[in-house]
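First chain A sits with chain B, and in the next complex the same chain sits with chain C.
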Partner chain A sequence: MLRFLAAMMRTGFASAIEYRSSFFTQVFGMMINDSLWVTFWMLYFQKFPVLNGWEKEDLFVLWAVITFSFGIAFGLFAQALRLSELIAQGQLDYYLALPKNVLLHILVGQIRPANLGDLFFGPTLLFFFVDMTPEKWWWFLVGGVLGGLVYLAFFVMAGSLAFYMGSSEGISSGIGNALIHFSTYPTRIFDGWTRVVLFTLIPAGFIAEVPVELVRRFQWGDLGILVVGTAAFSSFAWFLFHRGLRRYESGNLIVMRS
Partner chain B sequence: MTNQNYVIRTEALTKSFRRPQKATTLVDRLNPFRSSMEEMVALKPLSLEVKRGESLAFIGPNGAGKSTTIKILTGILHPTSGEASVLGLVPWRDRVKLAYRIGSVFGQKSQLWLHLPPVDTFELLSRVYELNRAKFQARRDELIRLFEIDDYKNVPVRKLSLGQRMRCEIAASLLHEPEILFLDEPTIGLDPVAKASIRDLIRRANQETGVTVFLTSHDAGDIESLCKRTVIINQGTSVFDGSTNSLRRDWLKRKEIDLKLRREIGSESELRLRLNELGLGEANGVQLIKAKGYGLKFAVETEKMGMDRVVGGLLSAYDVEDIVIAAAPLEEIIATIYRDRSGRDREEGQNRPLGARETERGDL
Partner chain C sequence: MIASRGAPSLTSEITKLVAIAQITLRSRFRYLWDMIGSTLFLAVVMFVFVRLWTVTYQSSAGAGGNVKDVALAGFSLAQMIWYLVATETIIMSMTPIHRLIEREIRDGDVAIRLNKPYSFLGFHWSVFLGEGLLKACILIAVGGVVAAIMVGGVSFSLGSVPALVLTFILTSTLNFFFGAMIGLLAFWTEDVTGFYFIFDRVKWLLGGFLMPITLFPEWLLSVVEWLPFSLMIYQPARLAVQFDWNVWAELAMKQLGLILVLGFLAQSMYRLGVRRLDVNGG
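For the complex of A and B:
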């Protein structure tokens, strides 16, 4: 399986880099885009240095973690973003005809250069603006990877709605965007029921809050919460997709691999 | 379902899809609680057996259920009811196991990566099928030589012609030495030379490696040149299952006679009068199609009058320089069977072009 995944990644990367200038423009374009968002936050913290206990450096860690997670999820497993479209248009035939797990095969089916920009932006931001120790780098890596899995699981769940609802691209992208938006803010600014929502229905807390806490001040309890949350969401996404696959209706759209 | 001779067996296989019933009024369309569904039958009970090494044409008009059947047999779709066994496996339950042993080429769905050369896809497929490296390299080189793709094996697929791409598609589907090759419209959109070449490659694969070929195509040439057996399905059910030769022989109730005379033909009324004197009128199944200069063309319904009587009569009445007797093309026969089953031609009754009759499976 690992050889297969590595071969898919290699092929996806070779396909993405076929148009070199476009590839690098997308990567650097996204890094500039992310920089602008961080710049806005820097301007905010010049006016208000502390936000619910969070300082400028914590915001840098937040943006490093979420861009890195997002980059892992959608730079390397880009088809998660197209899952509902693939299902609704009956484009899973190719994956079903080959002897591999359909969901894994779909997810590793495309590299997205723009989101590789996110992947590189996170560590770059930390390297230049945050005082990092080897231990912090390690927990950044762990938190980023687990956060990426939560992103993926959520988008797989949202995409799998297409099995049950038919055309669900609008709904899937809507709830996907909700997760992205909530994860770009320090979730500690929310309280009460909103926090419950952020660890259940829209699990931004597992992407934005807990991984950041691992880097800021590591605690085994936080790691446990993150691991359990990631495992729960991943398992449910896996279940929802494979349950829905039985309802798959195929289609006759002309399709090329790219 | 354990007979080793049969690689594919289906028994009363059916597939239905549920879809929302079409709303008739705007109010109905806007009603969020309207939940009436209707069932669309894609495949009526289908029973089919295919022997190892056989080359089978599985044809039918658009929407007949061909692709649905192939998708069930390759494990892509779950049937609504019925049984199927492919290489002793239940396709929808043993999809992964089965996929290692079958290959598929869908003319409209590429497995080649658009921006990469075919060899890169071959390499990826070797990992997908977990092929032994040395064995894969030998097989790849053999297919590259056999399919004559050496000149463009390193050219990105997007720059290949359709014919070149299809050669690569078929080569890719044979890399893991499948026991059954499912081909869905493999020659669609190709020019005659490319079609001939693709057919030749499929025929060689069938004859040299013994791979069972399960082909769907709208091209009668594919069927004639590749498949000894033909199954026709229409509206989700099988309407013919027999040899491709018997399809031509038994359904061919009309022949065309083309005459070139030594003397110019007179007026059409004189001609018709003379033909009636010979008993070669439309009532007897002989229809004059063309009469111009030195040429005459007739369509003969052989069920009504034997060719010996028609030809004998014409030779006795006219000074004939040349005569050509032609059968209707297979394409026309298939089109007739399609029309027959869909009931579109029912009003035409006895006047159907090929004199085709209402038949159930096995009557032919």
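For the complex of A and C:
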């Protein structure tokens, strides 16, 4: 299975880099996009140095973690963003006819250069702006990968709604954007029921809070919470997709794979 | 008769563009609910902004202080939130014009418009404005409901509405030319996504999209005041929450001046680009 994933990603990467100037423009463009968001927070913290116990460096860790996670999820598994469209238009036939797992095959079908920019941005930000130790780098990698899996699982769940609702592109992208938006702000600004929502319905807490805490001050309890949360969301996404696949109807389309 | 079929007069050009905007408006009305659904994301955005700025105002008020007594950069908490409703309305009401123009150039569809009796940029501006006006009404309604529930209203005069509509049209036009110029780069490059990320996010940051530019440090504020971005976001949004006729007139003059400059640049880019155009097939 790992050999299959690696081979698919190699092919996807070769295909993406075929248009070299476009590839590098997208990668660097996204890195500049991310750095401008970080600049906004630098300006904010220059005016207001503490935000509910968080300081500028904590925000750098947050942005490093979420961009790295986002890069893993959608730079390497870009088709997760198009899942509802593929289902609604009946474009899964190609994957159904092959002996590999349908969901994995769909997910690794495309590399997205712009989000590879996110993937590179996170470690770069930490390298230049945060005082890191080898231990912190390790927990950054662990937290980032697990956060990426939560992003991926959530988008698979959102995309799988198309099996049950037909055309769900609007609602799928809407709830996906809600997760992205919540995860780009320190979850410490939320309280009460909102925090419950951020660890259940819109799991931004597993992306923007727990991985950041792993880097800031590691605790085994936080790691346990993150592992259990990631496993739960990934399993539910797997279940929801394969359950929905039984309801799939082909569009009888002849499509070109790119 | 032959003379009358020469270069179209300005009046007939405007009539065509207004007709295109009306057609766009009518066609988008058919998908009103889809549009309302897609703008519900603004409710999430506003919810997060309200929490961020409430916490900020609370910490500025200090223990035992009243948030309502705090003003940051001349904005009360309610004004700050309504300012953000206005900036979100300006930005989210815009269709991604750079992408549309890029696609038309890359796919060769631009050739279809070459023999039409209207200008390429004029056509896209009319569609952009027609859709933008409808979206803006929905966005103000959605954002306004969230803001009103969470922080209450701000003082507002109904008499300022026509002036603000005109400011919105001028602001949209500025943003249109800015986005169109990015899209027109497709005549020279394979993909404009990278340029879009850079230029558009610089506009967001230095235009005051996420927070008023008056919160910037002095050195940056003195730079930003010389750049055009605040005319595209900060100044019109501030006018919406702190309306003043003198400020409105001054802003309108500045925006008109910048529209002439950007419009000229965009048209020049289009003319230069069309000369390089090769379209194969039919």
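By definition in this document, the second predicted complex is superposed on the first by the 257 of 258 C-alpha atoms of A that agree within 3 Å, B and C clash if a C-alpha of one lies under 4 Å from a C-alpha of the other, contacts with A are read in each partner's own complex, and residues count from 1 in each chain.
Here is the rule we go by: contacts are C-beta pairs under 8 Å (C-beta built on N, C-alpha and C of every residue); 3 or more make two chains touch, one makes a residue touch a chain.
The shown structure was predicted, so the numbers you read here are calculated from the model rather than taken from an experiment.
A.B. asks: Looking at the superposed three-chain arrangement on chain A, would you call chain B and chain C a clash or a fit?
C.D. replies: fit
A.B. asks: Kindly classify A:18 by the partners it touches after superposition: chain B alone (first), chain C alone (second), both, or neither?
C.D. replies: first
A.B. asks: Regarding the shared-chain residue A:182, is it in contact with chain B (first), chain C (second), both, or neither?
C.D. replies: Touch status of A:182: second partner only.
A.B. asks: Kindly classify A:162 by the partners it touches after superposition: chain B alone (first), chain C alone (second), both, or neither?
C.D. replies: neither
A.B. asks: Would you check which partner chain A:99 touches, where first means chain B only, second means chain C only, and both and neither mean what they say?
C.D. replies: The first partner, chain B, only.
A.B. asks: Does the superposition put A:250 against chain B (first), chain C (second), both, or neither?
C.D. replies: In the superposed model, A:250 contacts chain B only, not chain C.
A.B. asks: Once the two structures are placed together by chain A, how many degrees is the angle at chain A between chain B and chain C, based on Cα centres and rounded to a multiple of 10?
C.D. replies: 90
A.B. asks: What's the minimum Cα gap, in whole angstrom, linking chain B and chain C in the superposed view?
C.D. replies: Least C-alpha distance after superposition: 10 Å.
A.B. asks: List the residues of chain A that touch chain B in one complex and chain C in the other.
C.D. replies: 19
A.B. asks: Inside the complex, what are the residues of chain A that reach chain C?
C.D. replies: 19, 21-22, 24-30, 32-33, 36-37, 39-40, 43-44, 46-48, 50-52, 114, 170-171, 174, 177-178, 181-182, 185, 189-190, 194
A.B. asks: So in the complex, which bits of chain C are touching chain A?
C.D. replies: 34, 37-38, 40-41, 44-45, 48, 51-52, 55-56, 59-60, 189-191, 193-198, 201-202, 204-205, 210-211, 215-217, 220
A.B. asks: Show me the residue ranges of chain B that touch chain A in the complex, using the header's touch definition.
C.D. replies: Going by the criterion above, the answer is residues 17, 67-68, 71, 74-78, 95-97, 99-100, 104, 106, 108-116, 120-121, 123-124, 127-130, 156-157.
A.B. asks: Please output the residues of chain A touching chain B within their complex, sorted ascending.
C.D. replies: 3-4, 7-8, 11, 14-15, 18-19, 92-94, 96-101, 246, 248-250, 252-258
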